[in-house]
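Next come the structures, one after another.
After this come two complexes, each holding subunit A, first together with subunit B and then together with subunit C.
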Partner chain A sequence: MSSSSSSSSQMGELVADKHVRYILMSEKKKESFESVVMDHLRMNGAYWGLTTLDLLDKLPSVSVDEVVSWLLTCQHESGGFAGNTGHDPHVLYTLSAVQILALFDKLDILDVAKVSSYIAGLQNEDGSFSGDMWGEVDTRFSYIAICSLSILKCLDKINVEKAVDYIVSCKNLDGGFGCTPGAESHAGQIFCCVGALAITGSLHHVDKDLLGWWLCERQVKSGGLNGRPEKLPDVCYSWWVLSSLIMIDRVHWINKAKLVKFILDCQDLENGGISDRPDDAVDIFHTYFGVAGLSLLEYPGVKAIDPAYALPVDVINRILLTK
Partner chain B sequence: MHGRPRKVYKPEEEAASAAKAVKFRSLQSQFLSNHHNKIYTKEAIDLSTKLLEINPEAYTAWNYRKLAVEDTLSRQESDPDLVKSVLDEELKVVESSLKQNVKSYGAWHHRKWVLSKGHSSVGNELRLLNEFQTLDSRNFHAWNYRRFVVELTNRSKHDELKYTEFMIGNNISNYSAWHNRSVLLSSLLERKADGFMPSQKIPEEYELVHNAIFTDEDVQSGWFYHLWLLDQTVNVETPLLISSWPPHGSRINLSRAGCLNDSSSSSKLTTFPLILYFDQAVGGVSSSTVAIDSELKGIEDLVWEPVSNKNSQVSCVWVARLKYMSSEPCFFPKEYKVKVRIGNSPGIVSSRGFNFSVPYEFVFTARVEDTVQEEPREVIVSWTDGFDIWDAQSEDLKNLVNLDQLNGQMDFKWRQEAIAEEIDLFRTLPDSNSKIGKLTIARLLMAKATMSENDVKGVHYEEILKLYNDLMALDSTHYHYYKDEHSVALLRKVTSSTESLSRHLFRYSDMNNSVCLRLNNSSLSRIASVEKLLFVQMLDLSHNELHSTEGLEAMQLLSCLNLSHNRIRSFSALDSLRHLKQLRVLDVSHNHIGEHSVDTTRYLCSSPLSNSEWSQDEVGRRMTPSLVTKYWDAYFVLRDLNLKQLDIAGNVVAGEEFSSFVPQVVPTLVWLNGHKLRS
Partner chain C sequence: MGQGSCSQEDSFDLLNQFEHVLDSDPLIDEVGFIHPSQFTMLDKESGSSDYNKTSTNFWNQDHKLGISTDILTQLCRVAKHAFLAAFNEYKRHENISSGVSFVSKVMKHSQAVLLLSSDFGTAWNARKLILSRQNQPTLEAFTEELRLSRLILSNCPKSEPTWSHRRWIIKMISRSFSTPQDIVTKESELVESIGERSKMNYRAWYHRCWLVSYMTIEQVLQELNKSKRWAGLHVADSSCFHYRRRLMLRVLEPLKVKGSNANDDETEAHKIWMEELDWNKELVKRYLGREALWLHRRFLSLNWIMYFCRNQSSETGESIVMNEETVIFIDNEIHLLESSMTVPDNKFEDFQAQALHASAYMLWLTKHIPKLWRMLEEKLGTEKLKCVLNTVDQERPSLLLQLKHNNDY
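Let's turn to the complex of A and B:
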């Protein structure tokens, strides 16, 4: 019965301080090839790193002004944000920019009308969203549009009903969702669709028992979660699968203690950071998803994260529950 | 980012990586400068090719190439050969990028973009795809691209279905192929294409999927496909009415002091609920799709409401409130016959778009008695005594409980046969300890129960319960999944006959002989079979393992509910109770409210988080905003309840601050935690 209490003594612990140092260092360490090829998505990297720091209660160690002034250099005249200075705008990075400003309680520096017009302008006739002016359509972009517009309190700028209908048209035989109608279910995509439905109060479209069973069967023997049947477990799915299970109230169908152990086993105990699987190279992406997963698992010392907005609960409550 | 081993790099490796980084950085800055200055010379374009060769994920470079193509085409549109060579070059760059990183979203999209320019060599695409899909048969980008090409070339669904057979034949655990098969088949079955009648095709598909399930018990590909087939077998497309309140042929008593009616309304016109319960969510229930013949007043403007959250206009459960005069003195009881006819005019449609097509009607009698009008006493409901046992044979009970499924018109023959065959097959599995084997038998038996409800003897609830008990031990990782399924089966068993149900039914003498169902101490972790329990007025679910009240919203007659000693973690888990307009007594003492940082029902309730309408009412405006924010879930649920008695003791949340907050949110409250509040 008790899933969380028994095993914590014999397993490793979260080396939070080392992860904090790893994140702060990786911001400065820019000379390796691995970090340079990530240059174009630095906005995502900043969101992953900063959210992790906030979950570990270490956000004050970051210079807000420095981050915000760089962030503003990434904004395009269209209102959208690029992954880094000089690159093209895309909703992927616009959401991260909005989330970072939300973390810092700095949304007031945004020209909200402009940013929200950029996002709303990407909605297509069938309710779907393009990622940018080049027309790639994906339910990831539906989530991004809905999530950022909700944070900016501008959901009325899009046709929410059509947006929801499009997401529902991507539902599959297994209860999951894919990137476009007919596309295979994938845990990351499921998070996007379930999150968008959660934010728009439309979770009644989800077959919670069917999807819940598919999601809970993502847990493999090692305790880790995979993203699709017959695939290897990976720390990032701790976030995508767990948050989806929480939003549909079926998270008790997995074994939480085993998953906590799997995430902790993926830590680099010496230099900090978390990897996709034990003994692989760490990166900031998996460090964030590992810590966010532990947050959803109520690991002591990690702040609670909101499963739909992927921001700390106190940040989201501050924005949405107060007028 | 994935699958790279963790290791310490030697200084020379680090130096090499740094040198590579310097080179890439300079390439990137040159490229960005070209991009910003709109330079589309051959040299500039080649530079972007080089950049993409190193990093196919550099999305801005793909954008740049599209601009370059558009620039070239705008100058040379007249020369078809030149156009072709420009587009060919793009396809070549994409191909080599994909060979380096087959998961590059930017590369795949670039290819689609080129093709949508009307490139003529579409035929090559399937050849290229076969190459990629042989190398990585699960790559979802390739499968998505395949569907795109199939649509573009109008390739037949039959051919694609054959392709999935081929891929499954190569590797039975190719989930992507099974998935694509379900997509193709759904559309062919829905169109009732030649050779694709469900009664014929679905049994064939069972044959196919058996191989996948029986080959290796850890391979999941067949599991979900089998469950999908089972769903296709059990559920007919057209929505069906499965129960109602009042039930057909029943005689209900209405009185002013009773619990059946909405005693909160002070007007002389009193109401009682009319409930329709469908097997799937439907929309369009209204006074034009549901006709009512009766002498009762106000029938013309009857308002039907879906019992679901505010954003939804579809629901399994619909309720209307019928009005009757309760204060008119009459010395003889007055009887009204009510006839309800559903689906005579079209308009009731399932959320999947199927019409309620089999008209149905039911009749009941409402008898209004002129009872002594006593003010409802402010007594406290104790849940300990005052419960009188009911005789299972009593007419009263038979009158209330109608367990018959309302449908009977459908042809279930091939469906029942398919299920029976599957049960036989899975029962003969050599490995009797196979998880998926046990789970499938349990599901098949439940399906059989659904389809032959009136034939209780054929259903083996004991076997189902044992299977789930076995599974809890066999696969402890998913213990709670099986536990929930066990609860569902248990409630199906309890509600399967008047006799088994009557063991749990009581009359509560202190409250006008209310009908009370006691399922306390039953080890229930979730609620089910509510459609059979619409008549219940008091419900005792104390000492179970429930963490949510989902499902109870249909029980519109409920006035007292005991949930003490369960696993409720937040008030948002009680959201469904907001639909129970007659609920007066609620006990949620000794739960886990306030104990956890994660709220699993945060998005299943109506609140600003889910962008539900949020207008602060009078009460809310008078309250301290910080308290409303702090106890938002309690606020949004409790303010919609007209409770007289509430017990929240034994929860972490129930401190002094919260206890003083509650009466402000629920002004009707008389008793809190057993103490009478000052009025």
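Let's turn to the complex of A and C:
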């Protein structure tokens, strides 16, 4: 495989400073319809923005106290976190809250027993996880539970064996995974299932060549990756497909240089931010996935990110290497 | 968007106006956000002169509702505030009888906010909470939820919390009022009509796959028939073909357990599988270079070989025996590959895509059944085989590397 970094100078650079400014500004823009419609998932938005800043080594430009005190107002009496103050808790926001505290090295302010009980309480008899008390089941929630509890060092609170069995039951004939048994393979779901299996040391359940085949067929002519057959490429799959390929040790099966170029082509060179495809409108979600994708591709100037935990490697090392 | 600095009073007026429109036309079946300049155009189109124009904010005619993009931000913000305030009041009074008066407020404001922001989970949860706390919820109350979520899907067909709410409601209905089979049929039709406007919609097709576990085997067969026409007209929609795969696996299920009807089941499944393979071949030849069709064929062929091309003595589907039937089947597949390899002119992208998908298809099968390799060498000959390998090598060199690694060639 050709190396990606040697040709990067010809294809335009990552405008890191502009992305940092875009992220810091987007928090202040609250007038648009988009920001009003998104405020129920502000916790996810905070995770995307803050992780991007950390990958670009600019986390110190954020007020830790401000973020953490807001974050704590989102915690529900059950222990779970909501997407914003006064909303209902859900594991989707609970993982983001845990990840944000991990970034700031502030996990010690958490009542770990309470948060972990909330998550563990959502495991079902068959090993699957519900997203909240209303019972929707999805392998995304399995990943979230396993990832959060691993960061909190509480995996013993759930039945890991059953959790793994359930994920394996969602494997399809094409080697991919869906959200429940028999559901269509989707790169986002594959990331969740492979990530959960990686964290629990169960990757032997994955047919790596078969899954790698499906994943590398996601690369389209432009170099970008799609999430399912016949779909357009999208920067967010740079994360989901790439991280999965890395976890199963098949990342050399795609053309990395072409993917780097595709991501860089999705930047707003003037105002910062990254979009799903070249010339589309940027948003914080794709900015995070673009930068995280470049991190996995070892782009210079971007810190390394852990493909399973979706946090910078130094953050994960700090957590996992301490008792 | 304008009008950012409107007074609180103006905002509440706007919310009242919106909720009044919703109240006065309970049969609204489609909603959308439209630019105010489209209002007059819509008036002309509907050709109605007696339309009582009361607002430049909402357009409501023939049970269609348009909301002006000029007021979206303001309306959404006030609806969220009103909903969260009402929901807090409700939770504070839930054990007192006066709590009843907050129920209607929560229902009214959650409906308003969800029509504007369909992924706002807390508003869906509030509705679930109220329904689940009723002593004897009526079927009408659940049907109303199906109506509201359907209306919201007309504007936001990918909204996952909306689809999830429908599943919760259907589970409640099947628990309290026995499983009504016609719900499954209606849901299935809903997904198909949404799939028409929103292509390759994972959430919509997932919902249809979810229904399969509620279906009787008769319904499974009906669904296979009913979705065939749609699939034939949308050959790039891989999600629709996945739905068919889900149905077809249900057809195979009886074969996995030994029973008295084993032979009948096998004959039926055999017939269905053969028809799907033939039909897929027609589509593959008619629509060149469609990835979704070739992926469907991978699934069909591998299962065909595993379930129907095995010796009676072979108990498990896993062990693949090269018996006569397998050889005939593979022979036909090699013919299909050969006919898909001709690219008349290098400029024709569809032909190139067809050659790539056909070659990748055959190599994918070879990965599962290494014995196939020798048949390919015999039937195709060295030159043609080289051509197949080159086609894949140009686009996806890694696939060849892994085959070389696994097979000894």
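In the analysis below, the second predicted complex is superposed on the first by the 319 of 323 C-alpha atoms of A that agree within 3 Å, B and C clash if a C-alpha of one lies under 4 Å from a C-alpha of the other, contacts with A are read in each partner's own complex, and residues count from 1 in each chain.
Definition applied: a residue touches a chain if its C-beta (ideal position, glycine included) is under 8 Å from a C-beta of that chain, and two chains touch if they have at least 3 such contacts.
A quick note: this is a predicted structure, and the numbers were derived from the prediction, not measured.
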{"item": "Clash or fit, subunit B versus subunit C on superposed subunit A", "value": "clash"}
{"item": "Subunit B versus subunit C as contact partner of A:Phe262, first or second or both or neither", "value": "neither"}
{"item": "Contacts of A:Thr322 with subunit B and subunit C, given as first, second, both or neither", "value": "first"}
{"item": "Of subunit B and subunit C, the chain that contacts the larger number of subunit A residues", "value": "B"}
{"item": "Partner chain(s) touched by A:Ile246 [first = subunit B, second = subunit C, both, neither]", "value": "first"}
{"item": "First, second, both or neither for A:Phe285, with subunit B first and subunit C second", "value": "first"}
{"item": "Partner chain(s) touched by A:Tyr166 [first = subunit B, second = subunit C, both, neither]", "value": "neither"}
{"item": "Which of subunit B and subunit C A:Phe104 touches, first, second, both or neither", "value": "neither"}
{"item": "Colliding stretch - subunit B into subunit C, listed as 312-320, 348-356, 420-428 or 636-644", "value": "420-428"}
{"item": "Footprint overlap on subunit A, comparing subunit B with subunit C", "value": "31-33, 36-37, 39-41, 82-83, 86-88, 90, 132, 134-136, 173-174, 178-180, 182-184, 186, 210, 212-213, 216-217, 219, 228-231, 252-254"}
{"item": "Sites on subunit A touched by subunit B in the complex", "value": "1, 31-37, 39-41, 82-83, 86-88, 90, 132, 134-136, 138, 150, 155, 160, 172-174, 178-180, 182-186, 198-205, 210, 212-214, 216-217, 219, 228-231, 234, 246-249, 251-255, 258, 268, 275-277, 279-283, 285-286, 296, 298, 304, 306-308, 313, 316-317, 320-323"}
{"item": "Of all residues in subunit C, those that touch subunit A in their complex", "value": "1, 4, 69, 72-73, 76-77, 80, 84, 88, 116-117, 119-122, 125, 128, 164, 167-168, 200, 202, 205-206, 209-210, 212, 236-239, 242, 246, 249, 290-292, 295, 298-299, 302-303, 360, 364, 367, 396, 398-399, 402, 406"}
{"item": "Subunit B residues within the subunit A interface of the complex", "value": "1-7, 14, 17-18, 20-21, 24-25, 28, 32, 36, 54-55, 57-60, 62-63, 66, 105, 109, 112-113, 138, 140, 143-144, 147, 173, 175-176, 179-180, 182-183, 186, 219-221, 223-225, 227-228, 281, 308-312, 314, 351, 476-481, 484, 547-548, 550, 573, 596-598, 600-604, 606-612, 625, 628-629, 632"}
{"item": "Of subunit A, residues touching subunit C in the complex", "value": "31-33, 36-37, 39-41, 82-83, 86-88, 90, 132, 134-136, 173-174, 178-180, 182-184, 186, 209-210, 212-213, 216-217, 219, 228-231, 250, 252-254"}
